[in-house]
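Here is the structure we will look at.
Which chain is which? They are A, B and C, in the order written, and residues in each are numbered from 1.
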Amino acid sequence: MAPGLPTPKKYFVTAGAAEGSTPLNAFDNALLAARIGNVNLIRVSSILPPGTEYDPDLELPPGALVPTAYGYIISTTPGEIISAACGVGISRESFGVIMEFSGKCTAQEARAQIESMIREAFARRGMELVDMKIEAVEHEVKRIACALAAVPLWY
Amino acid sequence: MAPGLPTPKKYFVTAGAAEGSTPLNAFDNALLAARIGNVNLIRVSSILPPGTEYDPDLELPPGALVPTAYGYIISTTPGEIISAACGVGISRESFGVIMEFSGKCTAQEARAQIESMIREAFARRGMELVDMKIEAVEHEVKRIACALAAVPLWY
Amino acid sequence: MAPGLPTPKKYFVTAGAAEGSTPLNAFDNALLAARIGNVNLIRVSSILPPGTEYDPDLELPPGALVPTAYGYIISTTPGEIISAACGVGISRESFGVIMEFSGKCTAQEARAQIESMIREAFARRGMELVDMKIEAVEHEVKRIACALAAVPLWY
C-alpha cells in the first residue's frame, strides 16, 4: 500500500474555558486554557486508532498539524452556564471511540451525556467497553465565552 | 519541493442513514451505515486529484486519517424526509470536482442537485465533464436521524 | 519521535468573492476567485508555524491537501453587503497567529476586526507583534454569493 497520512500513536484528553473580546478570541483563549492554543487543530471524527497510547504530558510543537476531535460552545449571554465534554471509550484489543458534547448545562450533565454516547457507540459496534477517559469544563459567561473539550491525537 | 501531505490516489462514493439516541450518535451510526464509521474523517473541500482511481472495495484501516468530502443533515423531527447526496464529476485528463448536498427532500432531488452543481463547477472551470459518480440516501426520521453522503479519498 | 504530519513551511494570504447558482457553487467560485479552488482545503485553527515563509506566488498542485485557515460568509439576500477577512500576526522569533472574520459589513470593518483580534491573541500570549498581513474582500450580493478569506499553508 502506498503511504497515506500517518495514523496517530498517542493522545490525551483536555478541556478549557475562557472569555474573549470576540467569539474567535474566546475560542482561541479556551484553546490556550486547554493547552492546545499554539498548534493547528485539524478536526477529525472520531476514532482512537488501535494501540494509541495515553500520554497526558504530551508536548505539541508550536504550529504542528494536530488531528483532534473536539466540541465547543460559544455564548454571548452574560450569566449563562456553558459546558463542554470530550471522552474516549477504550476497548481491550481494538480501536476506541471518541465522543464530544457541548451545551447550556453543567459539566456533570455534559460528562453524563458523553458516557451515554460512548456506551451507545460501543453497543452499536458490538464491542466491549473496558474504560473511559472523560474531561469536562463548565463556565459562567461574563461577556463572550467559549467552553471547549478535546482529544488531541499525536505521534 | 519539500514533501507536503501526500495527495490521495484512490476514492469511492458512499451514503448512509441511521437513527441514534443523540445527534452525534445518529451521525456515528450513519457513518457506520456508509462503511466509514471506524476511521477519522478529515473534511476536505473538494477536488478529486488527477489520476485518482475509483476503488469501491477500498478497505480503510481502523483509526486512519481519511481525507473525505461529505455532506450530512441531522433531524429530530419524526416523520421528516431527509436526504444526502455526494458526487464526483470526472474530466478526461485532469482533476475532478466533488460536490455534496443535504436537505429535507428526496434522494432523487438531492441527486439532481448534485448533477447540477457538478455541471456548474465544470462550466466555471472551462473543463469537459465526461462522467459522474453519485450516491444518495433518503431516510424518514423516527426520532433522531442523520443522512450522510461522502467521497473518501485514500492511498 | 515518530514522524507526524509535516509542519507547513510557506503561506500566503488571499481573499475572493463570487456568485453561484447554489450556496456550495458560490463557495466553490469564491475559492476560485481566491486562487485556491482546485485544491483540497483542510481547515485548521490557526497558528503560523515558526519560520514559515511568506510566498505570494505559491503554486498549489491540483487536488493537493492544503492546510488552510479560512473564514467565509454565504448570503442569499440580494443587495446585502458581505465581507471576509483573514490575517496573520507575525512575531520576531516565534510562531504567528492567524485570525479570520466574516460578516455583513464592509471590507474595511472586517479588516479592522482582524487587526483587533490579532492584537488580543498576541497580548494574551505575551508575545510582541511585529507585523500583520491581512487580506479582505467585500461583495454586494446579486442572488447567491460567498465572500471568503484564507491563509493557505504549504511546503
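Convention: a contact is a pair of C-beta atoms (placed from the backbone, for glycine too) under 8 Å apart; a residue touches a chain by one contact, two chains touch by 3 or more.
Keep in mind that what you see is a predicted model, and the values were worked out from it rather than measured.
At the interface between subunit A and subunit B, under half of the residue numbers involved are used by both copies, so each side presents largely different positions.
A rotation of 120 degrees, rounded to a multiple of 5, brings the CA atoms of subunit A into register with those of subunit C. Averaged C-alpha coordinates put the centre of subunit A at 25 Å from the centre of subunit B.
For subunit A, the set of residues touching two or more other chains reads 5-6, 8, 42-43, 67. Residues 1-8, 42-50, 52, 67, 69, 94-95, 97, 99-101, 113, 116-117, 120-121, 124-125, 153 of subunit A are the ones that touch subunit B when the two sit in their complex. Residues of subunit C that touch subunit B in their complex: 5-6, 8-9, 20-22, 24-25, 27-29, 31-32, 37-43, 61-67, 154-155.
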